[in-house]
Structure formats: C-alpha cells, structure tokens
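Chain lettering (A, B, C, D and E) follows the sequence in which the chains are written, and residue indices restart at 1 in each chain.
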Amino acid sequence: MSWLLDNRALVLDLTLEHARLSAVPIVVALLASIPLGWLAHRVRVARLIVLSSFNLVFTIPSLALFVLLPLLLGTRILDDLNVMVALSLYAIAMMLRGAVDGFDHVSPAVRRSATAMGYSRAGLFWTVQLPLAGPVLLATLRVVSVGTVSLLSVAALIGKGGLGYLFTNGFQRDHPAEIVVGIVFVLLVALAFDLVLVLAGRALLPWARLPKEAGAR
Amino acid sequence: MIEFIDVTKSYDGDAPAVENVSLRLPARSITVLVGSSGSGKTTLLRMVNRMVDPTSGRVEIDGEDVAARPPVALRRGIGYVPQHSGLLPHRRVIDNIATVPLLNGEPKAAAHRRASELMDVVGLDASLAGRYPAQLSGGQQQRVAVARALAGDPNILLMDEPFGAVDPIVRAELQQETLRLQHELRKTIVFVTHDIDEAFLLGDEVVILRRGGRVAQRGTPADILADPVDAFVAAFIGSDRGRRRLTISSRRPTTGADRVVVDAGGYPVGVIAAPAGQLAAGDPTPRSRGTRMAG
Amino acid sequence: MIEFIDVTKSYDGDAPAVENVSLRLPARSITVLVGSSGSGKTTLLRMVNRMVDPTSGRVEIDGEDVAARPPVALRRGIGYVPQHSGLLPHRRVIDNIATVPLLNGEPKAAAHRRASELMDVVGLDASLAGRYPAQLSGGQQQRVAVARALAGDPNILLMDEPFGAVDPIVRAELQQETLRLQHELRKTIVFVTHDIDEAFLLGDEVVILRRGGRVAQRGTPADILADPVDAFVAAFIGSDRGRRRLTISSRRPTTGADRVVVDAGGYPVGVIAAPAGQLAAGDPTPRSRGTRMAG
Amino acid sequence: MTYVLDAVRYIVEPQNWAGPDGIGLRLAQHALYVAISVAVAAVVAVPLGVLIGHTGRGRTLVVAVTGAARALPTFGLLLFVVLLSGLHLAPVIAVLVILAVPPILAATYAGVGAVDHAAVDGARATGFSEWQIARQVEIPLALPLIVGGVRSATLQTIATATIAGYVAQGALGRYLIEGLARHEYATAVVGALLVGGLALVADAGLAVVQAVAAPSGGRLAPGTPLPEGT
Amino acid sequence: GNDPLAAGEPGEVDTTLTIGSQGFAESDILAYVYGLVLADHGYEVDYQLGIGAREIFIPALRDGSIDLIADYSGNLLRAADPDATASTPEDVSAALPQALEPLGLAVLDVAPAEDADALVVTAEFAERHGLTSIGDLAPIAGELTIGSNTEFETRSYGRPGLADVYGVEGWTFLPIDDFGGPATLDALRTGRIQVADIFTTNPALQDGDLVVLDDPERLIAAQNIVPLLSEALLTDDLAGVLNPVSAQLTTADLTALNAVAAGPDKPSPEHIARDWLVENDLLEH
C-alpha cells in the first residue's frame, strides 16, 4: 500500500499509457469487424476465410508479433504503432467471430419483414441489421476489451507494456507487491473499459434488456 | 386486381415450389390461399411484392408487370403482415407503425400522428405506443403488424398466416377485427393460412392449393363446401371424415327447443333451432364478404 | 383414477399458476383439459408425474399421494407426450422408443423387440427404426413420442398439446389414430389442448379451465355444447359468436338433396342431408367415447 | 523475407532438432505444457460447466469470475508466482490453467444450456434421473461445443506457453526471447513458425475430434429428405 | 525523436528528449539521474523505460525512438566493434568515439562509476572446488550450469570468450532474464545453477555468501557508466549539463542506489535518482 502511495505518479502514468495503448485496438477491432463480419455473414467464401484466419492469427504468439511487426510495417522499433497493430490483429480476430454471429443472429423473419416494408439494402443494414446485431457485438466486444487490456502487458518485454512494466520491474527487484499492484490496476483498467461498454450498451441498445411485462408471450 | 400469369419458381436446384400457376385475384376483396405446409402459398404471396421473383411467368398488378417496378418502391406501396409479426424489436410500437411513412420521408411528427390514428383503427390502446414489441402479447403484436402494414395506405395487403401463432380466443378476435377492418377499408387482401376454418371464415374467395402451388379448387366457401371437386379437396376441408356431413341428433332436447347437430362421426358440432320440434329451413343465404354489410 | 385435491402452484413470486383446484379424472377414459394460454393446463398435467410439485394440496393416483413416490420411478410408470416430441436427437427412433425399458434395465434385444411392436401399434413403418428424429416429419415424430410413452406399458398417459405443432391434415390423422389406440388400449389419458374442436373430438370428458386453473365447466362435449354455463364458456366454445348456432340455408340446393348449414354469422359450416326437401331429424345420438365402439 | 527463409532453413536442418536447446526438446516441452494445462483445465471446467448448464444456477457468478480471469494478465501472474515459488514448472502450468479454464467453462455451460429444452424435458418426464440427463443427453449433445471450447483454449495456451521461456522452462518461447534479446529476427521467426505450426496441427486434430464428437442425429443437415406423408 | 522525417512532421523540430532504459533497476535510476538534470536545465524530457538489451536500444537510438540512454562502456565498445580488444577503463573510453562513429552515435564523458558483469559462485562452492578466478572453472566446466540473461550466450564475454580466454567449455546455459535479480540469486543459492552472471553493483554481493571470480585476463572489459546518444544531438550545452553529473557518480554511489532500490521500501527509480541528485547538489531548481 505504502509503495503504491509513494509511486502513485508512476502507476498513474503507466495506467494511462495502458489505457491508451489498449483502447485503440479495441476501437479498431469494432470498426473493422463490422464490414468484415458483414461480408462473412453474406458470402460463404468470405466466411470461410475470415473464420479460419481467426484461428491463424491466434496461433501467432503475441511476443513474436511485437518483435516482428516493425519489420513488416517498417515502423520504428519502439513505435506505439507496433503494439497497437499487433493487439488490433488479435482483437479483430476475436471480434470477427462475434460480428458474424451477431449478423447471423438477426432473425430472418425481422429482416424479411423489414425488406417487405420497403427498406433499401443500405437502410436495412444501418437501421435494422446493425442495431439488432448490437447485443452480440457488445458481448463480444466486452470479451475483446478484457483480453486486449490483459494481453498488452506482455509488451513490457519490448518496453511498451504499460502496467506490464511493473511486472518485469517487480520481478527483477524481488518485489511481489509491485506485481500485485500491476495486476490490480490491469484489472481496474479492464473493469473501467467494461463499464464504459456496458453503459454505452444501455444508452444505445435500450431495448436489449427489457423486463418482459405481464401479458407478453 | 392481381394476376399470376403462368408463374414458376424453383429455389436453387429443388423441385419447383410453384409450377405454372395462373391465378387472378379480384380487387377489393379477401382471397385466401389455403394449402398444407410447403404447398407454395408463401412463395406465391411474396411474388406480389417481389420478395420472390418468379423463375418464369409474371405477376401483374392492375395490368402492370411488377418486374418493371423497382422493388423498394413497390414494397412501400403494398402492406405485408407475416406470421410472426416481424416487428423491429429495437423500435417502439409507434415507430414500428410509422416505418413506411418515415421511409417515405414524411416528417416524424406527421408519421407519428398517422401511427396513432392507426393504433386506434386496429384497436390498440394509445398507452402502448411507447412499448417495445417484446413487451406486448402475441395478439397485440399482430395488431401492430397490421397497423404497420396499413401505414403506407396501400391498396394491397398481403397477410401470411398472420394469426397462426396466437391462441384460439385471440385468433377469433383478430379474425373478427379483420372482417370489420375490411368492411371499412375495402383493400385487396391476399390472405394465406393452412387452417381451412379460417379460410372459410375470412375468404370472399378461397383458393385451395396442392403441392407446387397448383390450384385444386377455387370458389366461395359455400361452393367449395357444398361441392368439393375431388378427394383431395374433400380431405382437406374434412368432408371425407364426415366432419362436414351433419345430422340432427334426437337424443338431447336442450334448453329452448334447440337440437344438437352432429357430424358423420357422431361428434357434436353445434345446435340448431327447432322451435316446436320443427326445423326452420330455408332461412339465411350463405354469405360472401362481397355482399356483406357491417359485421 | 387421478385426483387433484385442492392443489395450488405458485412459480416464484408470481400470481399462482394454479389455485385451489380440486378435480377428479376418471380411469380408462380421455379427459381433455382445455383453456387458453397460461390457464395452467400444463402445470396441472405435470403435477401428475411430479415434473411440478404443488405448492400446497396434493395429487393422488388411485388414492395414493404421488408425493410419496420417488419422481424418477413414478415417471417411468407414466407415459408423457409433449408438444414438441422431446425425442433425443442423438438416438435412433428405435432407441428413443426403447428408452424406458432400457432405463428399467431390460436387455437391449427385448427392449428393441418391444419398440418394434410399438412402432407397428402407432402406425410407423418398420423402415424408420434406424432413422434419427431429425430425419422424420413432424407427424412421424409425434408418433414416435407416443410409442415412447407407451413403451413402459403405463396405465396413465399424459399428453400436452401433442398435435399442436403439426399441420391440420396430419393432425386430423393423428387424432383419429389416438381414438383408435385408446379403443384398443383403454389407458387413463389426460390430454391438454387449447383447441376446443380437438377437445370435443377426443374428450370423453372435457374440462374447460379459466386462468389459475379454475374449472369453468366440465362435462361431455354434448353437455357443454348444448348448455354452456356462462359467458366465458360460451365465448370459449364459440357459441357467443354464433359459431355453434346453426341454421339451414335455403339458397343452395347442391348435388343430391344436401343443404348447406350456416352459423349465426352466415358462414357455412357443413352440409346436411335433406332428401326430398325433408330434413331427417332424430337420427344419431351424440357419441361419447365411453360408450363408443371401434372407430 | 529473408528471415523467413533463414528460419525455414534452420528448421529443416536435422542437427538443429537435437540436444538440450534443440527444436525437438523445446517442441516436446511446449506440447507437454499445453497438454497438461488443457487437461487440468478441462477436468476443472467441464464438470463445473455441466453443473451450471444443467441447473442454470451460478451463471452470473461464473460469468463474472471468468470475465475477471480473462482480464488477469497472464504474464504478471506468472512472474508473481515465480517470485514466490522460484523457477519451477508448476507456476507456468498454474497460469496456463487459469488461462484455459474460462473458454472451456464458457463453452461447456453454454453448450449444455443450449441443448434443446424439449429434449431434456422429454427425457426427465420419461424417467431419466438428473445424472442420467447430464450423462446421456446433455453431454453428448453439447460435446461439439465443449470440444470447441477445448479447441480455443488449446490455441490460446499454445500461443501463451511461450512465456515459459521467460522463467527458464524452455519450450518454443525460447526462440522468441533469444531472437528478441539478440535482435536476431530469424530466430524469432523460427519460434513463430514452430508455435504456429504446432497450433495448426493441434487445431486440425481437435477439429477432427469435434466432427467425430457431433452426435449422429445432429450431424445430419437439416432438411434431410423426408418421406412423403406420415 | 530528433528526426523530423521519422516524426512525420517536416519543418517542426521535436524538442523533446526521450531517455531510454535497459529494463533493470539500475538502468532505470540512471535514466532519471540524467533525465531529471536535463529537465532542470529546461529540456523537455520523456522516458521510455525497459526497452531491453543493447541489440534493441541501439537501433532505437538510431531510428530516433529514443535520444539518450545510460550504457556501459566495455560492452558498448564490443557491440560497436566486435574486434575491439581494449579492456582497461582508459583504453575503452578512448576507443569508444571512433567505434561509434559509423553508427552515427556518440558518447558524453565516462563516469568513474563502474558496474561490470561478474561471474559469481557461492562461497561454499568456491571452497569445495578451490575456485578463485574464472580460469579455475575449466576443469569442472562440463558439470556446470551458468545462469544469466539470454544474450549472455552470444556475448563476447559469454560462451565464445570463456572458451577462448579461459578454456572454459562444455557448460550448460540456463537463461534467466532478470539481470541477476532474485530468480538468478535463488537459482544460484539453491544449486540449480553453479555460476551466475551478476552485476558488480548488485547489493546481494555484500551478503557474504557469494564470491566474485577474478578476471585476471580482463575477459570482461571495464564497464563505466556513459551516456550514449545520437551524434546529431551532441551539443556543447548537453555535454555541459550532463558531464558534471557523470563526474560525481562513483561505483560506491551506484551500489548504494541499487541497495535502496532493492531495499524494503522499493521507492520508484525517479525518487531514488532525485534523492541522490539533491544530496550531491546537482539540481539547481
């Protein structure tokens, strides 16, 4: 505890860095998974490719990706971009499956009846399918968010791990308390992100968590 | 008037769902397509608003080929009520009903005003306007679906087993409501069901379909009942099991001077007035909605 | 004989699904519980095999409280046919039917032999034995479910809307089959439906339930039809809409000398023989399965 | 891309497979750690998942706990345990188990929960005991999903077992750490290729298991031709 | 970064100095020692701690990811010029600028403080085998396990140097990536390894149960602290600010700083650095 108080500036800095580095991949994953997931939902070949690349990306150890990305991207070794791109890849891979599920999950009856009402393709996508995929997208995004926040700490091995610094540093200094502080703050960041997502969900998808009223069947 | 001209529809590779069907549905009356599962009722119905395009043949509305019309605009001009209301679960009742006016670019206030009127027309309490579909009973959902279909003020209403999923008492209520509405609005309604009783109740004209959408018999309910053309129709309407062949039972003189009427199996179907032991015959003419007055 | 003695069931916190119901169901006949959705039919039915335990009151079978019997053994002695067949999707038809004998430790060969016999009894072709449920039509699945329920040779058969999900032609067939079977087997059958026509067709005795499982009326179909006790029952059986109040129409003398019979709304329900313009009255007695011969 | 070529050359050279730092040993270590961890995780998670799926109780609690477990930084946890207990294999396995439990648990209770309610209800009404329902109905029907959970747990564990190399437990992570420490990209690529290869092989194997695990009746495509009539 | 192109904003020169560290406590402290003084003199300073080994931070310096890092003279020289033979502090310092030039890197003045790698065994083990210098390991090399960071194996003072200079060959290597930290010490004391590569400023060496093996052949070069930076950044002003700091930094100071870092309070590196700077009147504001 006293260590935390003495080092609160450091911990705060690392926490903010952690949040910054992990927030970007989460947002990127959400944005990328919508068009890709949609494509996979519609086109059988695309589905095959998308879902097997999910498995493929997960076979790459994160450390390898952190090390090798500068080579592929031509970025500088310590560029934030390396970590963000690597985490984005994992996040997209995780998110994609959820996006495909989400779009699959939209009831064909609703889709058909909306088409019968005279929705255009684009209108159908933006105002019917996307919002209705929302709950599944959100559920997946929550898992992705938690996973990304936790995975980032491995990047401490290349000096870009946010709170992961406390792990390597605590390890070298024989200081378990420091590692525990790191773990707790990682959990706090994950929790904070989750809270944001849940609140965003409540605001954007108010219908998704209705208590059924008496008389409803 | 809706006309199917030699339409055939094959879904990829399978035997055709609908094969060489020609059928003319009169304007401003209810035509019921009835047939068992897979007979192609839905396929035929959906050809009208181009949810399904025929593999060959064509569908005309008032003499104009629907294939010539852009599907989105066409659909906005035709009301559609599916079996499971197909309401948008993420929109409130009022917004669901206002869907078509909003799609047509009407201002929100006007669209909502129209939607409120329609809630009244279909017998929905105004207090339900702010609910989401999941908060309604099945019967209420179907009323919303009907209101939504009416919101674009279409001439044609397509109804695909709209009351198939609600319980019998509610269904009876909705059927009566449909008759009342039609009396007021006089739309061209194509109604799909696989319940022959519902068909006879609602149809000005009933079309009984076999597999492949082939017409087994068409006519007013009374025509079909009195004179089924073949064994298939007889089986379908239940007269082969004697369900339609009635006799008056002697055993049970009930309150008043009613007698129980039984079918050929001996099971009771209703009571008939027999004042003073005499059966009043020759009174009412079987109705057809075409000539019917306020219900 | 099954007897409900002042049973009440409240699912956590809600208003009771079934409240203070006392009801005696006679042995070796079909009692139909009919009522609209949520009236507590399923709840009552499931109290018999302890799928639901009453909050208060008790259920007795031949005078013995079911609560005293271990549920698993009790259930193996009572046949159960749910609406959606509830077959095990990963077991072949023959194994599904043999479930109870196998659970009771019968050798596989004997259990399969018994299952084959039962397939014959319920009218399933022997060639279907090796199929999985997903390879059967809805009607075939329900037959398998009936065969499975019979496999333990139970005295009691509980059927919960067993034909609710199949299409009307198949449903009519299954209903006839049920009557035939019951004529042969003479089980104590409790049959739940919300279709009043089905209730009148199958029930030796019909129990019409209101919300909360309260009995609105019970009696033979003819009794109820002729003399509904109150407006609720009248509405339920359709006589308030005139559906049961029949008249003979004059307009349409059809083939032979049949006349069309119409209900109070003017809609045709069947035809009646009127040779030489004279109506034959006083012939058949309304049947009740209690006295019925082979169907 | 010369690194990839170099790496491939390194891998196909038989002499690099032998010895205490050879590919053979490290690959075997990696596979062993993963196998042990996933097996332990399955032994913990499957019964628990079946229990939760069967009773429908404790779901919210488990969702919260697995969510938290997913948020736990594996790397930090490993270093913490190693600091307390020294450089042993046990901390590595413990951390990998914690990683592998949530996907298996979630898949199991979702799978069991998703078993057609009508089938379970029918079985209960027919006289199956609760245990028989779980054993003979729910588990067989949920098996493809359970194996799916094991499959994703295995993939994650294979990728993460690389951290064993950071606490002197060898395995394929060594190539990554050596590549990083010496700034030899080709070495890191060797590690990535071997880990990826192992993952693909394991995944393909489990895909086969998953296909075999599918109950016969459920494997039929819906709409398998039905005979006419009933 | 100092490279406007790399920064992607042509014309606008980035005035922030990014100070790196190698990812162990001492390096972190030194980063703050230099960083705090620079900040005190009006520089914008940013930190990038825990980058890792020289193989990474040299490219990072060259591509502008970081601008300055505290390094160790001998290993730096060997890294820049693998053929270099200089090993005394003076020779190493003299050879450095020329060796670094092709890399576009430069150094400031070398500090008196030295923190070299040292091969360490337990006192008990030394006694049992009569060990005093590294060369004494040669006869028992076959049974030895040496523990150190991963890069030790390929370093000039690692496997190649041990064989060439002292004939110590055939030992097993156990990589423990904690820079001679607790896991290494634990492994050494529990006998999992017999020899460890530990920095001479490690406070554990004071405990008395460990023995540093002599290096008569100077296999391990002098390792004085020296700020390493990009040539383009080397200005008189910068040198004027940092050289006086280096001049004050002794080996004893370094050991003391490490002891504080490993001590019960585990203060942050910034804290430790500031205390030392204040004590030595190196902060003006």
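Before moving on, here are some points about what is shown:
We take it that contacts are C-beta pairs under 8 Å (C-beta built on N, C-alpha and C of every residue); 3 or more make two chains touch, one makes a residue touch a chain.
Just so we're clear, the structure is a prediction, and the values are computed from it rather than from any experiment.
Any chain bridging chain B and chain C, meaning touching each of them, is missing here; the list is empty.
Common neighbours of chain B and chain E under the contact definition above: A. A centroid comparison over C-alpha atoms places E as the chain most distant from chain C.
With every chain reduced to the mean of its CA atoms, the largest distance from chain D is reached by B.
If you average the Cα atoms of chain B and of chain D, the two centres end up 54 Å apart. Chain geometry summary: the mean Cα position of chain D and that of chain E are 41 Å apart. Here the spacing of chain C and chain D, counted between their Cα centres, is 49 Å. The set of chain C residues touching two or more other chains comprises 37.
Taken residue by residue, chain D touches two or more other chains at 82-83, 166, 177, 180, whereas all remaining positions touch fewer. Residue positions 156-158, 168, 171, 174-175, 217 of chain A are each in touch with at least two other chains. Under the touch rule stated earlier, the contacting chain pairs are A-B, A-D, A-E, B-C, C-D, D-E. Of all the residues in chain B, the ones that touch chain A in their complex are 46, 49, 51, 72-77, 80, 82-91, 99-100, 103, 131-132, 134-138, 145, 148, 152, 158.
Considering their complex, residues 1, 6, 20, 23-25, 28, 48-52, 56, 59-60, 63-66, 178-179, 181-183, 261-262, 265-268, 270-271 of chain E touch chain A. The touching residues of chain D, when paired with chain E in their complex, are 20-21, 82-83, 86-87, 165-168, 174, 177-178, 180-184.
Chain A contributes residues 2-3, 6-7, 9-10, 76-79, 156-159, 161, 165, 168-169, 171-175, 177-178 to its touches with chain E in the complex. Here chain A touches chain B in the complex through residues 109-110, 112-120, 123, 128, 131-132, 134, 205, 207-208, 210, 212-213, 215-217, going by the rule given at the top.
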